[in-house]
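Worksheet: the structure to be examined is printed underneath.
Naming follows writing order (A, B and C), and every chain is counted from residue 1.
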Amino acid sequence: MSAGANKAGKRTGIEISLAISEAAKMARVDAVAAYPITPQTHVVEHLSELVASGELDAEYICVESEHSALSACIGTQAAGARTFTATSAQGLELMHEILYIAAGMRMPIVMAVANRALSAPLSIWNDHSDVMACRDTGWIQVFAENGQDAFDQVICAFRFGEDRRVQMPVMVNFDGFTLSHVVESVEFPAQELVDSYLPPYRPENTLHPDRPLTLGAFAMPEIYTETRMAHEAALLASRPVIDDAWAEWGKLTGRHYKAVETYRTEGAETLFVTMGGLSENAMEHVDAAREKGKKVGLVHIRLWRPFPIDEMRKVLCTAAHVVVMDRALPPGAHGGPVFTEVKSALYDQSRRPTVHGYIAGLGGRDVTPADFGTMYDLAMAAVKEGKKEEFRMIGVRS
Amino acid sequence: MLEIRIHGRGGQGAVTSVELLAIAAIEEGKYAQGFPSFGPERRGAPVMAFCRIDERPIRLRSKIYNPDVVMVLDPSLLGVGNPSAGIKDGGIVIINTHKSEEEVRKEYGIKATLALVDGYKIAREELGAPITNTTMLGALFGATKALKNESMEGPLRERFGKIGERNVKAFRRACTETAIFPAKT
Amino acid sequence: MAKPMDQYTWRELLVGNVISEPGSSQEYKTGDWRSLKPVFDNVKCIKCGVCWMFCPDNAIMQDADEFFCADLDYCKGCGICARECWPGAIAMTEESK
């Protein structure tokens, strides 16, 4: 299963999980600590092969759980090592408390998350339940839409995560199976290009006997609020750095990324909002619907945290209706996480569209382009009847 | 866009087939996707694998419900499900079988174009094992002419190492030994 | 710490709330938590060091004659030294006489 990192500039057929390992390799990571879990197994499996074969000069730490995996990552990162890991679903939840610690300690670990449903009932299939449960951990969170995107995001994540103005851990989310297990074409950049883009890691603070520091100290009520405010401010301040990192990657590779992407939004009366791999299915639907004269477009979110509120307001307020697809059901919350976020962003806007939330594709349920048509029809019917439709689940048998 | 659905049993290499197919198509400069019908891998359980090939980047990420090509790695699957379900008009069904066209049409009621090859025979003779995925890839290339044969031979050698050459031989034989029978109306 | 914790603004905190000053806990004198203080009887003391070994706050020192004594800047008066001193050379006495 050798990958094509040596075939710079040429599109290579590769499983997306392996492309992500290659990205970590090209980022010259110093340390990987991981516990393998379906469906991200192939990411760390391939990294272990790269380390074993000597292709990647890194410390590979096999641990006994995800809790330990991320703990070890904090340790290596604190020692000044560029650190990568990957996980999924239950594994991400087992890391949960450590996620906050990595963020609070401002450790710029990069972690690929193959998004998946959570048990019970036991499901290994794709949705966004896992990452949404970790929404508030203080990490920068990016969603990839295809293999090339996932590959590029891993490299870009090191660049902006490690930036002295940011120093934040980054989750690169890619849909489990729907992306992780797909073989498709990925264009690998030359190693020299990656090296020029991503300078060696020079952390501000590291554990070293010559310069003793206390990392992860406790905070009394007198100071804890200030530490949270500092984190919030730093996360928000990461935006321009993320944008610059993507802009420079675009200059070097011709592949341009934005926090909020739009597709055929010109003159659209109804805008879909999606996140992740199914955004491309939504584009297929938009093309088909435009063909039939329907004025629809797509807004797809790449950067989930920090939430790009200004762009979202700007683009969504041009439409009359917004149809949000969520890939997770937060029980009792009256709507999916993206839906509630979008709705709250629009609430105080003077000219605001109607917002309709649909939850689809849970636990591996297929979402076809036609399903976006169903969401559109439901939203339009609600508008026609003057109903205030909160949200509903798509494709659920009743 | 060419959409291919492969039906096999866990362990027969349906997933490897679509991966190799996608890699071969990309080697030719096309765009492609190869992916399994995701699930817990269970040996012997009926599985599906999907491949899309196009001249331009592919965005569609659902399963394939209306394939241009259906390929059946294991003839016993014809009796338990309906592998040719949803096939497009003008589509082709490629089956590993030693049976005749008449027998296949009569037993399974398939009207679409058929491509038949005794994959087990070729695999046994060339590989010494009844694992038909690479052989059946030959049938697919022979029947559809969607890609150049040479595009697959490199990936076969790379994937199978020591037994790469034998897989290439099985692939080539199936390319020529596959018989095509036009659709019946 | 350069100033009391409740006077820092969020902008003044170091990245990751790192404490860059090594041994800054020394500035925090825990001796004023004490209600009983250990008094050492150097006649009974055999310089075995058991008090030094057991002190949870690292607050036992040795004087010029190598007798053990308490560092009253940090001794919290827990009495473990007195309890462990088998020759009975340490007595816990009230702080405010």
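Criterion: a residue touches a chain if its C-beta (ideal position, glycine included) is under 8 Å from a C-beta of that chain, and two chains touch if they have at least 3 such contacts.
From a predicted model like this one, the values you see are computed outputs, not experimental measurements.
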Could you tell me between which two chains the number of C-beta pairs in contact is largest?
A-B
Based on mean C-alpha positions, I'd like to know which chain lies farthest from subunit B.
C
Distance from the mean Cα position of subunit C to that of subunit A, given in whole angstrom
50
Chain centre separation in whole Å, for subunit B relative to subunit A (CA means)
35
Averaging C-alpha coordinates per chain, one finds the centres of subunit B and subunit C separated by a number of Å equal to 78
Considering only the defined contacts, which subunit B positions touch subunit A in the complex?
18-19, 22-27, 29, 31-36, 38-40, 58-63, 65, 155, 158
List of subunit A residues in touch with subunit C within their complex:
104-107, 167, 204-205, 212-215, 217, 219-220, 222-223, 225-227, 229-230, 233-234
Can you tell me which positions in subunit C touch subunit A when the two form their complex?
5-6, 8-11, 13-20, 22-24
Using the touch definition up top, name the residues of subunit A that touch subunit B in the complex.
2, 11-15, 39, 124-126, 146, 177-179, 181-185, 277-278, 280-281, 283-284, 364, 366-369
